[in-house]
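The following pair of complexes shares a single chain, subunit A, combined with subunit B in the former and subunit C in the latter.
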Partner chain A sequence: MRYGMVIDLKKCIGCTGCALVCKTENATPPGILWLRVVKQESGKYPQVRRVSVPLQCMHCAEPPCLEVCPTGATFQHPNGIVDIDAEQCVGCRYCMMACPYDQRFFLSAERTYFPGHTTPFEQAGYQRHQAGVVSKCNFCTPRLNRGLEPACVANCMSRARTFGDLDEPNSEVSKLIRDRGGYQLYPELGTNPSIYYLPP
Partner chain B sequence: MITVQPGEAVWEDTWIPTACDMCYNACTVRVRRTNGVVVKIEGIPDAPPNYGKVCAKGNAGLMNLYNPHRIKTPLVRANPEKGIGIDPRWKPISWGEALDLMTAKLRAAHAKDPRSLVAATFDRYGHFVLRSFLTAFGSPNLTTVSAGFFCGNGVHPVAYTLTGSNDVHPDLKLCNYLLMFGTSYGFVAQMNAMGLTQEMAEARRRGMKLVVVDPVCTYAASQATEWVPIRPGTDAALALSLMDVLVNELGLYDREFLRRYTNGTYLLGSDGHYLRDPKSQKPLIWDARQNRAGTFDAIDRTDAALEGSFQLEGIEAKPAFQLFKEHLSAYTPERASAITTIPAETIRRVAREFGEAAGLGATLQLEGHTFPYRPAAACWYRGISAHKHGMMNGMSVGQLNVIVGNIDMPGGMLNATAAGPFWGPREGADGLLVSGNPFTYRHMRTPIPPRPVRRPETLELVELFPVSVYARAMLWLGILHAEQFRLPYRAEVLIQCRTNMMAASGNPEIMAAALKRIPFMVSFADHHDETTEFADLLLPDTHALERLMPITYNPYYHYNNATLPGEAWSFNFQQPVVEPMGEARNWIEVIHEVGGRLGILNDLYTAFNEIAHLEDPYRLDPARKYTWEEICDRWARSYCGDEHGLAYFRKNGYYKGEKRTAAQSYPRIFNTGRIPLYLEHFIGAGEDVKRFTESEGIPWDTSGYVPLVDWRPCPAHPERASEFDLFVVNQKLPFLTFSFTSENPWLTELAERNGKVFPVGINAETARKKGIADGDEIDLETAGGRKARAVARLSQGIHPECLAVPGILGRWVTANERMKHKGIHFNSLLEYTLDRLDTLSAAVDQCVKVKVSPVHTEKEGGSHA
Partner chain C sequence: MAAVTNPFTAGTWVMEPKPQNIWGVPHTSWFFAMGVGGALFINRALFGVELGRIMGMAVADLLSMILIGIGGLILIGDLGKPLRVLRALLNPRTSWISVGAIADFVFLILDGLWVIADLEWQGARPFAGLPWAGNSPLGIAFQVIAGAAAFIVIVYPGLVLAASPSIPFWNTTLIPLQFLSFAFASAVGLALIFALWLPVPPALLTTWAGAEILLLAATLLLFVAHLIQGSASHATAKVSVARLLKGELQVPFVWGTLIAGLLLPLLLGLYGAFAASPAPGWLAISALLTLPGNWLSKYTVIKAGSYAPFL
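Our next item is the complex of A and B:
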């Protein structure tokens, strides 16, 4: 069992709905986006290509962030999800230096979206985040526990995202990777990410 | 306000179905409320139109709800001086005092002239009531949106002409080749944003070719099979040239469709008018089998001559299509290439691909009917509509569809609202297709038959636009030029809600001048913006999650709630999820209360029965008084059946009815009314306008009333050789549309992280020639002396003659400091004068050129010089 995600760059339109649904689902504080979408431009006018690439924690099978964590706060679930135990995190941020995908975020101080005011949503949601620790995407583990897909997958309006078990050869994700030439980011680093992209 | 304390036990965790209000598409959502707090907004997988998906704006809606800067009490202006940047010096007052003041001002206006009341809203659900209020009051001056300056002017009249419906959309379920002109249809923009984004993704997955014609490699163009960059405002030249290749070079056009379903067979005399039967006055066609002329309704359509020249009692007569075909030959790809900058070989190739994809001759069996199957379509929107000749631009792309016979056929361009269980188009005078939709009443007027020109009574002067659907952009010019148009009264009171006209409509300087002419302005709003800055009375409106609003998704009426082929006719409701913040009240309920105070509720109910199209036994009894809940209940049961009233919607949020049948989806073969490919009715309409405006001494351009569409340059085009050498063009952003979305800090964060929102895009090679590097500050200046300052972003994805200015940015009144003066406010660069309006469609020309120079001095503050 190893949870993974396939993101079809042919389908992704770069709308950033996933970035926002991640924000509401996980109530991440200001300045922290566990998921964002970058645009890449290539070619020369008029033969130009612009591709939207969503980025989030890659949930590597060989996570460099875990290796460097001095307290064991970063750990790997048996289902492959790389997670952080906030109670054990001392905020040293070695993991942020080690992550080649720049997908770990440090909350330096408690802040709110409207300066000087905490909305009821934030009062409720920020209980999940504490200052001085590192956080990141956890594939919406609380949703998985309720039998739901990660929020970014469930809400993707162009259905560019597929979630499933990479170890199961007949799963939708495994089939897509096989049939459509799915690839990982920076495979040469040996991190073996659990997020695969399908070519645009 | 309820707040959740850390560690507090969960005493409530519930999901409430309602409808989103972060744009105008009314997606069905459910809202999770935990211990009284909204913690999540998401879609409902089975619920149309968005089927479980919500865009970034919709997800972010709760941060607008909880914005601490919302207006919480009624406010009255203490500063008599009004203007951009002038502090109104708001003073809080009670609701009682506020409504006393509003009622007194309305009474005084009514005594002067009831028509002196003007109302403007973009609350598409609230406007049914607002319109009823105005009708009861006696004023025709309702403008339903602050848009209608740029967007649908060159779309809706064309859609009515082609299908009898107020909009058209491509059949993404079956289309194999889609040409898009100046729109991001299916990319989280435009109508049914969520549903069509899913359809578009699926269409692309199954291999539909998407060709996007746009000066900028937009979100849509980025994902297209091919991006065809074009010089702004020249799309009609391309469309006409594509037709020239199809008709005159390749012979790829649907003769059968043209014979059966258009006026292409109607015989024309040398004056361009139909030749008519002397007795019946019916247009004549040529019977090619019997070699004689007869009235259009007396000859089998398949026998009618489409081409050629015939002698009719000594007069040379040609079928309209013959003239159409000859007219096209002026648009060779070589000529179009010089106009559009698109290589001639690309035009020829795209024309061939489009024509071949249309599969002329193919048929499809659906639900027992045999339909012509035409899986190629060309759609268009604001990008080509917002020009000096917006009507012609839209019509040219509309006609490209007619040529391949795809109108209301599987795979082609379909009507959005015309054919449903309740009404469909009819056959009108001269055998032409006429809308049968009763909801067009006073909102969108129908262009066929043209309306007689008469002395303007409305401030938007719609009486001078016989073939438009509205003339909203004229409203403010009508206020400013009331003497010139001899309007018999002046605007006295403006009621305005949920529309930021100052930011979203014409040039703000001119808008401000018009607003200042109106002695008393009431705004309902939940936040301060560029428009409320001009209000005399500012009343706190509810957020959508705090109000009851029925039939928000309304496929019978709203073109962007189009029901797709084979899908269910469905409806949804907004209902309160939390209590209103502060003293906020649902503005529609306040309008009812003011109607009661004025003693016009009975007339309001009578008007509402017609405007909302209520049927017995749910019509309102003018002798009674109803609560808002009772009205919502009757409205819902009238549309959705007795079982599906307010209680049903409170529980379920949405109602799914019968599926749209194949005959409703593809009604062309069942309609007898014909599409006027040749716009003979324009000739008389133009003569009518000319006669009136000349007699009144009103300078008015009537040269566009011609039966055959041309490409005509915008005023900006001849500026080519001067130092004003770059067009500014505006693109939609999927996460920031409508100015109020920039009040939202989550969306602000996305915009800041995006990196491509606030800078102005410039073609990398153009920038190099001008000595501009990525990240440089640049000054923009129009020939009219309008200026802006921005950061340059170099890109290969922009036409070399263009600057890309996205979204509705450069906000100057917002509580969100992070958005204030960020980016460029596009409309501030535009001229908004009579000579920049399309006198056929009332579109405002957005074609404007600027000169660009790098900033050499130290930075001098804000983005607007």
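Our next item is the complex of A and C:
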């Protein structure tokens, strides 16, 4: 089994709801964006096209971040999800250097959204985040363990995201990749990302 | 599952190459200190380049231990969780940082033990009875292992950079080679500086100067090769080369590293070694210039690293 995600750029409307729900679900501190949406503009007036491209950890099958980690804090679940054991991380940030997708984040010090004040949500959520270590998207592993989809998938209003097993030829993700020509980002690097994009 | 050609982004970039801003001055200082420290030890143990004695200890061994210790402390200080540093020893199979951290510890322990056994005090060697003292088999084994560890300590920072696939300018074996040659050039340079106060025979001084000249020339060639390779390979590496030669890193790289840190010391070294047969003052000035040049070379190469756009 290898979990993967397909993002349909034709359906994505760039609302950044996935980025918002990711922050809500994972209570990431200020400056830590496990998921973000970039906008691509191409062409010249009047033939201009604007496309939104959501970005997050690609959960590569061959993750460079895992190889370079000196402690083994970065590890791969049997289902292909690349995760970080915060208790093992020493905060050397070598993985951030190695990640070709710029999807790892270092929390240098505890930060709050409101200076000098921590909301009850922050008090509860920030217990999951240590200062001095690297963090990133884990495909909402706690939700998966409860039988739920990742928050970004469950809350996408245009249903642009599909989550499933890339190793299962009849899964929805495999069919979409096959039928719609799903592609990976920076495939020439040989990392074999588990997130595929469908052309807009 | 095979990836198909990206029909959306092929040939176009949404993103620009992004300069890395994670590593900088602390890493430069760490790499510099480790390189010079490791080369000092190897020069002394393998080539007999002595820097005299201080408080009964061989300066070369003591200085290499101090420099590598300082490099290690900089590394530890830069960690997000410094108290967990020993966990960095756990993955030597694939992580160069782990390999390097192990080599640091091995070197510091063995060099420390060697310095103790080699201690001279009031004309006597109080610890000469230790099993690893002098030319005992254990002593030779300690020196060989410490030398191997010192070699790893010199090259592993370069390998750390070279192993990063996301930064094309770093992704080359020329970087560890640069680190190696510049480390030895700086270590020989320190010997030339110390020669101002030591009774070094002129013939030996000329030999050291010759080695320094060769190492500086090799380092200069390696930098030129790196720039040529960067210009001819990946588009992002080309951007890094442009930042070094024409961008915000031009002054520290072109003037600080290539000219003041390599070319000028090379010319001064040639003059000091052969024209003035030999002139210790000129050789010392030449050697002194290589030290900031070495530091700046690492700083500029680190700062020039840019992530390739993936979209």
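In this text, the second predicted complex is superposed on the first by the 200 of 200 C-alpha atoms of A that agree within 3 Å, B and C clash if a C-alpha of one lies under 4 Å from a C-alpha of the other, contacts with A are read in each partner's own complex, and residues count from 1 in each chain.
Note that a residue touches a chain if its C-beta (ideal position, glycine included) is under 8 Å from a C-beta of that chain, and two chains touch if they have at least 3 such contacts.
Keep in mind it's a predicted model, so treat the numbers as computed, not measured.
Asks: In the superposed arrangement, which partner chain does A:Val51 touch: subunit B (first), subunit C (second), both, or neither?
Replies: It touches subunit B and subunit C both.
Asks: So, does A:Gln40 touch the first partner subunit B, the second partner subunit C, both, or neither?
Replies: Second partner only, subunit C.
Asks: Thinking of the overlay built on chain A, is A:Asn79 touched by subunit B (first), by subunit C (second), by both, or by neither?
Replies: Neither subunit B nor subunit C is touched by A:Asn79.
Asks: Between subunit B (first) and subunit C (second), which does A:Pro199 come into contact with in this model arrangement: first, second, both, or neither?
Replies: So A:Pro199 only meets subunit C here.
Asks: Does the superposition put A:Val90 against subunit B (first), subunit C (second), both, or neither?
Replies: second
Asks: So in the superposed three-chain picture, is A:Phe121 touching just subunit B, just subunit C, both, or none of them (first/second/both/neither)?
Replies: first
Asks: Is A:Thr141 touching the first partner subunit B, the second partner subunit C, both, or neither of them?
Replies: Neither subunit B nor subunit C is touched by A:Thr141.
Asks: Per the definitions at the top, what is the overlap between the subunit A residues touching subunit B and those touching subunit C?
Replies: Of subunit A, residues 51 contact subunit B in one complex and subunit C in the other.
Asks: Okay, in this complex, where on subunit B does subunit A touch?
Replies: For subunit B paired with subunit A, touching residues are 1-6, 34-43, 50, 52-57, 59-60, 62-63, 66-69, 187-188, 194, 197-198, 200-202, 204-205, 217, 219-223, 227-229, 734-735, 745-747, 749-750, 753-754, 756, 763-765, 795-798, 800.
Asks: Quick one: in the complex, what on subunit A touches subunit B?
Replies: Those residues of subunit A that touch subunit B are 10-11, 13-17, 19-21, 23-25, 27, 30-31, 33, 36, 39, 41, 43-46, 48-52, 113-114, 117, 119-121, 123-125, 127, 154-160.
Asks: Within their complex, state which residues of subunit A touch subunit C.
Replies: 9, 38, 40, 42, 51, 53, 55, 64, 66-73, 88-94, 96-102, 106-108, 130-134, 166, 174, 177, 181-187, 189, 191-192, 197, 199-200
Asks: Give the list of subunit C residues in touch with subunit A in this complex.
Replies: 1, 3-9, 12, 14-15, 18, 20, 22-23, 78-82, 84-85, 87-91, 94-98, 101, 160, 163-167, 307-308, 310-311
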